[in-house]
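Heads up: the structure comes next, in structure tokens.
Chain IDs A, B, C and D follow the sequence of writing; residue 1 opens each chain.
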Amino acid sequence: MSYFKNVQQVKFEGSQSSNPFAYKYYNPEEKINGKSMEELLRFAVSYWHTFTGEGTDPFGAGTAVRPYNHLSGMDLAKARVEASFEFFEKLDVPFFCFHDIDVAPESDSLSETLKNIDEIVAMIKDYLKTSKVKLLWNTANMFTHPRWLHGAATAPNADIFAYAAAKVKKGLEVGKELGAENYVFWGGREGYETLLNTDMGLELDNLARFFHMAKDYAKEIGFDAQFLIEPKPKEPTKHQYDFDVATGLAFLQKYDLQDTFKFNIEANHATLAGHTFEHELRTARVNGMLGSVDANQGDTLLGWDTDEFPTDLYSTTLAMYEILKNDGLGSGGLNFDAKVRRPSFDTDDLFHAHIAGMDAFAIGTKVAQRLIEDKVLDDFVADRYKSYTEGIGLDIVEGKTDFHKLEKHALSLTEINNKSGRQELLKATINKYLLETFAQK
Amino acid sequence: MSYFKNVQQVKFEGSQSSNPFAYKYYNPEEKINGKSMEELLRFAVSYWHTFTGEGTDPFGAGTAVRPYNHLSGMDLAKARVEASFEFFEKLDVPFFCFHDIDVAPESDSLSETLKNIDEIVAMIKDYLKTSKVKLLWNTANMFTHPRWLHGAATAPNADIFAYAAAKVKKGLEVGKELGAENYVFWGGREGYETLLNTDMGLELDNLARFFHMAKDYAKEIGFDAQFLIEPKPKEPTKHQYDFDVATGLAFLQKYDLQDTFKFNIEANHATLAGHTFEHELRTARVNGMLGSVDANQGDTLLGWDTDEFPTDLYSTTLAMYEILKNDGLGSGGLNFDAKVRRPSFDTDDLFHAHIAGMDAFAIGTKVAQRLIEDKVLDDFVADRYKSYTEGIGLDIVEGKTDFHKLEKHALSLTEINNKSGRQELLKATINKYLLETFAQK
Amino acid sequence: MSYFKNVQQVKFEGSQSSNPFAYKYYNPEEKINGKSMEELLRFAVSYWHTFTGEGTDPFGAGTAVRPYNHLSGMDLAKARVEASFEFFEKLDVPFFCFHDIDVAPESDSLSETLKNIDEIVAMIKDYLKTSKVKLLWNTANMFTHPRWLHGAATAPNADIFAYAAAKVKKGLEVGKELGAENYVFWGGREGYETLLNTDMGLELDNLARFFHMAKDYAKEIGFDAQFLIEPKPKEPTKHQYDFDVATGLAFLQKYDLQDTFKFNIEANHATLAGHTFEHELRTARVNGMLGSVDANQGDTLLGWDTDEFPTDLYSTTLAMYEILKNDGLGSGGLNFDAKVRRPSFDTDDLFHAHIAGMDAFAIGTKVAQRLIEDKVLDDFVADRYKSYTEGIGLDIVEGKTDFHKLEKHALSLTEINNKSGRQELLKATINKYLLETFAQK
Amino acid sequence: MSYFKNVQQVKFEGSQSSNPFAYKYYNPEEKINGKSMEELLRFAVSYWHTFTGEGTDPFGAGTAVRPYNHLSGMDLAKARVEASFEFFEKLDVPFFCFHDIDVAPESDSLSETLKNIDEIVAMIKDYLKTSKVKLLWNTANMFTHPRWLHGAATAPNADIFAYAAAKVKKGLEVGKELGAENYVFWGGREGYETLLNTDMGLELDNLARFFHMAKDYAKEIGFDAQFLIEPKPKEPTKHQYDFDVATGLAFLQKYDLQDTFKFNIEANHATLAGHTFEHELRTARVNGMLGSVDANQGDTLLGWDTDEFPTDLYSTTLAMYEILKNDGLGSGGLNFDAKVRRPSFDTDDLFHAHIAGMDAFAIGTKVAQRLIEDKVLDDFVADRYKSYTEGIGLDIVEGKTDFHKLEKHALSLTEINNKSGRQELLKATINKYLLETFAQK
């Protein structure tokens, strides 16, 4: 049977196409600097938003009209798997991602939950044999069920810590079974609601203990996926311990975990933390910690994680600039941790939204690549910092100076020649590249 | 003498030009729907940011390197006038705007201040005789001098109210003298710092009294410019009475001033109030109150009025969509209430920044015009609301129904057919129009 | 049977009490300026948060452990009614508030929904006969069911408008039946998600049409409750039409509804709109539009409506200052539109939270009353504005001056004597009153 | 001569006093847990806000009426020193803090600036001989002069780096000369405006190089003050590298500087970064990095650093809770990095504001001390986490378990007993302690 009868295979038709179910800019086979767009961008569909999500919001019931809405329990879970592979194939997307309970229903009994997971994982494994799609990453949901109300690895209750360990143990086994290239930790409830009742020191120590045990277990079973922390500042928990990349980095260094983890950076989490998306990417990049990306966008006039599909071409261009400079994402990818708006409730919207996001990243990629090829920013930066390649600047960089010599140098200066940062000109240049990359086809 | 020797006449050279001092998209003579871009966009230079501003910020001294920095007092004021007309002409911009003390130094003596203004106004009038540039609007600065520390028309001190009246009286006379097409009221200190010491009711009444007297005086002297209120929520005063368009509208209606005023809408003020720029434009438009625009952009990750030059093409497109739907701005225009970033300190940056902004609005205009011509949004909206053009919907609109009839209708419904809002598809469409408008040249 | 066995009658025991289930500051019989606290504060319990709410959040399932969790449908609805009256009585709270579907389950069939409502309303009416508690207000939920996904009275679908009319018609009938003192309109989905698909002008006109029909119907059935609009800016809808009090006021004036409505002001909605709670109260008060209060608090470091129980004594003091200055709330009251935090999941927390809120408002009342009695702020304000009671200031207020006379006055001034606003001293005074009101018992 | 004739010696007069120039709660000699309040709180006056500040804001000229306003240059600098010691003594405050150019005028010539500093430092040293007041910390201003427009140690210009080194070299010498107990680094322009022109990696490396050279030079001259980094997220620079405590910690660990520095935590910087003040204090405390405090408060409805005097008793209580738990601040103190509001322009306001702040911290100290003595929070926390003191929890903490054992434990659980976090009860408890600490005197 077909779950998405309205839509046939989505193909690249070029920018002149008026087919709403065609790519206008994303051509998976087009080469960017020697790599196909498919290989470079490594798009992934988020199972939770696209198949499990129901279109609820804090003030409203689910609106999503889905062909499996009449089912429940394992029947529903299986129908979703079937639908998902039809979707992956119609969209021709190379990866997907899931939390354990996105794919298999959670029971109040842990053993039953694990059994449900095993059954669905076997079904997914069968699909993977004949499908082109691969598992970018999986993870364990440790935030939805009431048991996690005070956290998982940072819960004040050791039984909960143990329960979380059992879930992640299974998650690592599933990742290995399905060939996941990464394993993600998002600590949605790892944080605190109020300091009045919180032992922050113990909670952080416990979180580190948990991560070390996870690392040991992955090694034990030979699961060599990249571990990723996904920072987020303040939702659902008032304060989450992995606030942003820098906070995560402080934690990883303190607990000697910096070689075990990289970051999975989400655009909307960046803006909730007060940063741009590109800031978080750059911070991870200069620290060698850029692992993967949750590709979405937020609404900076709203104060929560809206998880919108990414359509802002400035954002996709500057993100791809960092990713291209990082020589790609390695085992990571661009996962659409994004949901259709609640009023976009039919299944066509699922296609429209993914196409919008993939085209937006394709456009960003091409603009960023031309910026890099033309050395537009590189030349400006090189010139701006060139004083560090000679004289006193080189001495500074090479560690050959001290406050005595620097003071002497400073006292000898008759004039200081600062140069304009040219922010306005650079922004106009970005606009020009955005339009002209496509005008000159 | 020339103040801006680096730069010659700025001309339209087309998108292929790599001359940083040329327009790439703004062609003043190009016709958009029968009007030249120059007539339609009515760009204005803000005197305060471009000639009076020194590049300070709350933590730093002025950085702006300007050819008249060595001067002071009336000599400085006159040099700035000379420079400004050279700038207007090199930029080929049709309008400018100023506050009284942008152009003439404020003295502690009111009579001397008024004399200074008269002297400079005479000089400007001379320039206007031979220049193509015109005065879009002027206004009185009633927020910089320490005397305004508690407000002007809303000050707790009646002497200050009187002083403000004298300033606005002169402002109206100057506007008439120089042929200003509008007169602006921005109440930077018309608000309160803390309710603990504030009589909000009296202050609002006084503000209305002030506006009525201004209206009467303008009528008396035959100055028929459009009066404009410029809303802003919370800077420099903790709460300003003209928070946003809706707040201004409530005030104007209450005090029977709604026929006297329209709004001067600033993009960055919109976002500080929690709205998009286009929201404020639409709100004014549907109430027949869209007067003029302070064209800039803010940084929604920062919490103050950054007054950046507008380069975001989404913002310029959606703003121009509202303006084109409004059949232009009438006597208003697009005033760059925008300043170069503090590290963009040389005079070249003044040109780069204005060119960036004018090109961005030219691009936005062309994209918006094509959206309108192709009825992309209009058709979608017409279809979405078509239930109000027939049957029970038409009865609602025509006032022919009541709760009895509506309940009966509702009870008779077997099914309700909502349709998707298609936000993701519409956003992808905007991206396509943004790129294809220029690709298909 | 008892639903809350842990808790006996909650009584005032005074500040020395260490009984967590006793009032320490709220003494319902204590007179404040001639009125008992019970009569003055008119506390109400929100049915939705306290009985219907399940402790979900956007990332988590319900955590609330409630004695009726095993029930469903009408059985659940009836158990909740029983529990609610036990709760009201144990808490000794004089009012409650509800949305239609808080008390009766919503069906996909309108007639069945209305039947459910009738059945539960009859049951509530029985309880009311013997209970001291009264209905402060009721309202219709037009935001939870998927049918409202594009709005109710502002939906693009006329069938939805009719459906909303049927719901409000029933709501007005229920209000009359149960003796509600007010009727509330909160437009959670009356707004837009994106201007790209929205006809703002038509939507606002329709909203006004709806309100006029509601007014006519209430008159027809002789329901003379106060109509209240509850402003909220941006959740769940990206932009809501009743953004804040000022925006509501602009709307009501435009559509000639200002005599029909007052405002129900919620603290957390105020801060989401960028205002303090007291700002919204003052704005309503000076316009004669202060109707009722949703007493809660937000977290200004989070960007959504957290609906916390009010415990901030600054907020309760400044709110009660406005309310006392307004000579109380008339037919309105202080409704705890507040929910226990998700990790506060047991029924004891429901008592702790309400006691915390009632004590906090009792404290605020006593501090505010002493500030008023001692004329601490009144004297400061009177002195600050005294220039408007004489000379030129009095002329301004009495409309006896113009810009000519004011300019002459301004030119005659040799010195301007502004006085410090003394914000720091006033804040220290508030602290002193906060502590000393209770120290001097 | 006297600079502050209106005000005599400020003394503790108790809460009944109505003398606006008396402490009502701060009694320097009162013992808190064995230490006098003076020793425990170590209050400091910020030279910049109180003596150098002029009451400007981005839209307004200085309003501050000061007895030395008629002076300029070194005369002004000397008068300010005289006034400051009169102020310190009248206020009986034990510490002060300054930036180099707060006390001595900056010249365009570095050697002249250094000479000015030396001259004023000699004058201050003389005062210190006979005064009780001491220097809590000094620092170098590397953000006001235009030369710093792109940063200091992170400037793209090596000459600027050298200039900064000369300034800090002198700062360290001055600190040693005056017996400063700490030396502060606040990187107001150490960050970036736009990534488009920024080499973040080089800038961060250079910042670390600078800190290592500073450390070496302090050691060389035998200046053993505690080095402090003061984090701040986004003003004046769009993004500052020391965003918050966690970000600073990541940086210090990466560059092996964690033993050289602690943090100087400012309340308003915390909230600008999206944290509470107590969050930043707790984060520093659990990492052993709590050095000193800039005691002020922000306005979370405004988006910039308002640097208000601290009067919020919740904030002072929770801050003092962390400080008392930290066994005080060691060589640090509570520095009022706070300015009177611009409309609080006379010298009396300087006294009112400091008294308000000192009383607020004295109140917070007493409330926090009682919370600690009564173990109100400690007992709750101990009970909440007690599962980690036995059985599987103890195994986790002691590193004696792994995912196998934890899974086995989890599978064996028949029920999970989470307990309510009791946030509402705890908040009511804080209110009770706030009032009852002073009621029971």
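The working rule: a contact is a pair of C-beta atoms (placed from the backbone, for glycine too) under 8 Å apart; a residue touches a chain by one contact, two chains touch by 3 or more.
The UniProt protein names, listed by chain, are A, B, C, D = Xylose isomerase.
Model, not experiment: these values are computed from the prediction.
More C-beta pairs touching across which pair, C-D or B-D?
C-D
What whole-number Å value describes the gap between the mean CA coordinates of chain B and chain C?
36
Measure off the straight-line distance from the CA centroid of chain B to the CA centroid of chain D, and report it in whole Å.
Once rounded, the distance between the two centres reads 40 Å.
Give me the residue numbers in chain A that touch at least two other chains, ranges are fine.
146, 149-150, 193, 234, 274-276, 301, 341, 343, 345, 418, 421-423, 427, 430
Touch graph of the chains shown: is it line, ring, star, complete or other?
Shape of the chain contacts: complete, all pairs touching.
In the complex, go through chain C and note every residue touching chain D.
It comes out as residues 15-16, 20, 24-25, 271, 274-276, 300-301, 309, 311-314, 340-341, 343-346, 348-349, 352-353, 355-356, 359-360, 363, 418, 420-425, 427-428, 430-432, 434-436, 438-439, 441.
If we count contacts the way the header does, which residues on chain B are in touch with chain C in the complex?
On the chain B side, the touching residues are 110-111, 146-147, 149-150, 155-163, 165-166, 168-169, 193-202, 204-206, 209, 213-214, 216-217, 233-234, 239, 243-244, 246-247, 249-251, 253-254, 273-276, 278-279, 282-283, 286-287, 318, 377, 380-381, 384-385, 387-388, 391-393, 396-397, 399, 401-404, 406-407, 409-411, 413, 416-419, 421-423, 426-427, 430.
Would you pull the chain B residues touching chain D in the complex into a rising list?
It is residues 55-63, 143-146, 148-150, 188-189, 193, 234-236, 238, 272, 299, 301-304, 341-343, 345 of chain B that touch chain D.
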